[in-house]
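Each of the next two complexes has subunit A plus one more chain, namely subunit B in the first and subunit C in the second.
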Partner chain A sequence: MAAPASRRRRTPWWHAYATALAILVVLDLALRAWVPHPLRLPEQFSAIYLERYVASLRSVHAPVIVMGDSSLWGYKTPASDSAPAVLARLLPAANFVNLSYEGGSPVNSEVLLRYLLQAGVRPRLVVFNVNQKEFNPSDSAFKRLRPSLQVAAEQELTVRDRAELDLQNRSAVNDRLSDLVARLWALYGYRTDLREALFGTDDMATLLTHVAGTLSGYTFRQAQAEAPTAERFLGTYDLTPLDSSNISYQRLVALAALLERAHVPAIGILTPTNHTLLHDYIDNSVYVANVATAARMLRSKGVTTLNLDAAIPAGDFIDNDHLTSEGNRRFAELLRPTIEEALR
Partner chain B sequence: MIFNTWEFFVFVAPFFAVYALLPRRLRGFGLITGGLIFYAASGVAYTLLIVGVAVGTYCIARRLARVPPERRVERRALLTLGILLNVGTLVYFKYTNFLLGSVSPILPKGLPHALNIVVPLALSFFTFEFIHFLVDVYLGKITLVEPKRFFEFALFYPTLVAGPIKRYQNFAPQADPIHRPHSLVVAAAVFRIISGLAKKMIIADSMTPLTQPLLTPSQLYSHLDYWFALLAYTAKIYFDFSGYSDIAIGLAALMGFSILENFEAPYRSRNISEFWRRWHISLSSWIRDYIFIPIGGSRQSKPRTLVNLAVVMAIAGLWHGAAWHFMAWGLWHGAGLGIHRVWSSSPAAALSRQMRGIGAVYWAVTFLFVAFGWVLFASPTYTSILASFTELFGGHAF
Partner chain C sequence: MPPSSTQSTRDWEDDTTRLSTGYADAFEAAWFLTRSPLWRAVRHPNWGPYVLGIVLAVLIVAMVVLGASTDSHFIYTDF
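Right after this comes the complex of A and B.
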């Protein structure tokens, strides 16, 4: 018995560190191989996840890429109820890839398409939405690039992009270090995606607030206080005539031009909007003209344009432009014939 | 530099790599250099300030240590000068705008109502440590004053940001020489740091949204929301502060130093005096030793003792932040300590101690007293304090 005991004592101290390192390396390799293709992007997707997801799309046969904002992502609805997920069920032969996200806009779609094409993804069809509110300079997505897209597509960003767009300043040591570690260590890089995959989007603070708010009735009172009223959306839509001085519109033109140059068939959807709620603010000649301007420009670049601006009844909306599950189903039904036609 | 940031990790990882390799005689210089780099990350100008105040304090203390006790006037003058240097720096940087804002209604037109002053990192902590050093040199409790040892003490970065407020007599012997910590101490220190980070980032930060009703009262919140906020803030402030102290104590242990505990399950206290023996121990003992006892402590008449308690707790309140609501919080605790002092010497208290289950009642009263105190601490204005208390007690503030 003495010999094994002395052998145990002689075990070098670095064995523990080496074992820990080996476990981390194996975990890292496993995570690098793990690139799930969900019904839509995670709410807080990381740059590393986007990079790997896009790289994996090279091997997807003739994908139908959906790009846009929260109305295509399926805001406040389960992923399976979002319009692209419904379309995927309706058209099982098409490989739908929903790359839309909250905070999407023409600026984001244009950079994302450049990034996809540069990464070697060859879409069979691109479906994107055009939301009039994103032409409003006071909209948060007007010229702001999603930070994770900014990091993933950093090589694609031109001098003009850097001058024109609202980019996150990532020059701080903290950000640089975080980006570097995320690239070297998958567990760190995927932390937000993993957390969302394992626990959903709620963190402990959100969960606690929700439980306390439900018990005290605050959640209900807040929902009532924030119920959509027309006044809440005052200023959401910029009612000046749309022209090339508008950066968001410039990027929509660039997106259409890029699709044309790359010979990628595309469908541009003029986003369903709640006309009953917003009647006083958008049922006027300037808004109608702006919708027509965007549609005309897209058609001139060969993009099939589907004007669904007033196509969905008010009861199918959560607010001004986000749809209920039923609204998403109706939205998908309206898109289906055009997509089928484009894929034929 | 805050402990739960990447910047700190970038600093601390190479620091420990170098520190571990340094020969024993050079570790002190490692501490001083580390402290300077740590502080410089928050602004080079303020590093010069802390170094300047430290040099001034050291020179005065050194002179004090050499003046014989019979030259009392000179010794008192030196002590006063040292305290003025430290308190003056603290008052100028931390309280100028507070004072200007408080007297702004009576200030003549043309005079500034606020100055462009940024409070240097950890000013309140190092000021108190330097005053302790000066007073203890004056009292003869510290005799040997070596410059290297003093600067190791002054620039010891684990305790620089949020304490615990160190005592030189406890620190200096450990620096002579600085021993490599035992592997069990290292393991315990790493655990302490991790648990401190968890307290801060998982528990305390998760409570933050729940505390909103106390910060910005609104008609949307019900009475229950205010009670949730009260409990959440009570938990948040403890886990936040004690988590930070855990990280500081763990880091110090990795460097070979044992730092005094700052918290000892304060919410288990059964009276407010016990609470202050368990909460922010390094501050409460500092206040006791350097303010309460010098102004007479509890050796004078009962009314005078009660006034002394109110004064020191008001100062303790203002030390936490330059705003009247912090002073109100201090006075609340001063009143609590006074009431407890009167109660504990009364016949009723003696009788109550014989009752079964009285401990639970004492605990509940103490806990609620402390929790209500946090309303004064958290709510930034008197309007929000009044609204929070009204809602907590079933009234309608809106």
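Right after this comes the complex of A and C.
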């Protein structure tokens, strides 16, 4: 007996899977074709994002690479107000690339520079900051790499790095599997960046928590409770005299030595610090000596060193070392002549 | 009529804290889906499988994008 006409026309069931696969493949190809060109790195970024961005810098002519921590990144200010973005507007002929990020430190800058040079990026100038708080062993970035940098720069990590640094253990089967899937499937590899772009934070759950906190007044009360009083920074700065036993300082020396070996001109900035707020903790001879030690070492390696430690008034700070938009503009103005001189 | 909602008392619940799961459990959600316009579209003899394929792709993308972030987050203990 012949089948009804409607049965004969029925589309085979496996077309559903083929359709889903085709959509995912097209989405994957689109994501792979996308190259990030951010004003600064996002708050959260994946290893794949960093790799793609760094790879794209090979074609940037004579980039001025900015590396460092949240002070240079522009913590709590819009990306366009951060000091490197202001500098890019002041010096449009220079190709500024802001690779600083929250949680940066000398350890992170040194590994990042190694990674950049190995990836074939040839900076015309490197601008980096040196923040005294990051020489404190209790600082979260003292000897810890940002996880995305650790994954991206895994091939560049030496035996010494693995012995000295607090690296994320990624040897478990699920970590290896996750890294492998991230390499094969761009949507999964870029998941952190997609969530950051869509929700402006780590993930949707965090966004909903923020919204609930704002609506309930919790966020406001928390901000009031955490107003930057001096006591909050008790212990942020280690007043042990700096020497080669300090791993973070060792990495600053290594960074300067690498710049010297690679013949890359560099400007080291001793980070503007809020001396009015931190008077009781840092206005003393050991702190001054530690700043001088770092400056002396950098100059001995041929790094142009700008001591801006006490150059910005307290009113331009959000807290101990993060600047307001006006503070970032002032910071950029202070950097401008030295950068112009270096680019001549 | 949907099947009756299953309400159970869990070990952390008592008379005052007991929560109704309503119709949010997967089984009942699936039952409702079979009554939705989407189900009729998926059952269509010609383009039903294509609709199902789109739904599958959207679900996979949503699972990845809407999932909780547990990786690549630096621990900012001193900010």
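Just so it is clear, the second predicted complex is superposed on the first by the 315 of 344 C-alpha atoms of A that agree within 3 Å, B and C clash if a C-alpha of one lies under 4 Å from a C-alpha of the other, contacts with A are read in each partner's own complex, and residues count from 1 in each chain.
Convention: a residue touches a chain if its C-beta (ideal position, glycine included) is under 8 Å from a C-beta of that chain, and two chains touch if they have at least 3 such contacts.
Keep in mind that what you see is a predicted model, and the values were worked out from it rather than measured.
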Touching partner for A:D280 - first (subunit B), second (subunit C), both, neither: neither
Contacts of A:D203 with subunit B and subunit C, given as first, second, both or neither: both
Contacts of A:E154 with subunit B and subunit C, given as first, second, both or neither: neither
Partner chain(s) touched by A:S178 [first = subunit B, second = subunit C, both, neither]: both
First, second, both or neither for A:S216, with subunit B first and subunit C second: first
Touching partner for A:K133 - first (subunit B), second (subunit C), both, neither: second
Touched partner set for A:E333, first subunit B, second subunit C, both or neither: neither
Broader residue contact with subunit A after superposition on the shared chain, subunit B or subunit C: C
Common interface positions of subunit A, toward subunit B and toward subunit C: 178, 203-206
Subunit B residues within the subunit A interface of the complex: 5-7, 10, 202, 205-210, 220-222, 224-225, 228, 232
Of all residues in subunit A, those that touch subunit B in their complex: 173-174, 177-178, 203-206, 208-209, 212-213, 215-218, 221-222, 225
Parts of subunit C lying in touch with subunit A, wherever the complex brings them together: 45-50, 52-54, 56-57, 60-61, 64-69, 71-79
List of subunit A residues in touch with subunit C within their complex: 6-7, 9-24, 27, 44-47, 70, 75, 102-103, 133, 138-141, 144, 146-148, 178, 187-188, 191-192, 194-195, 198, 202-206, 236
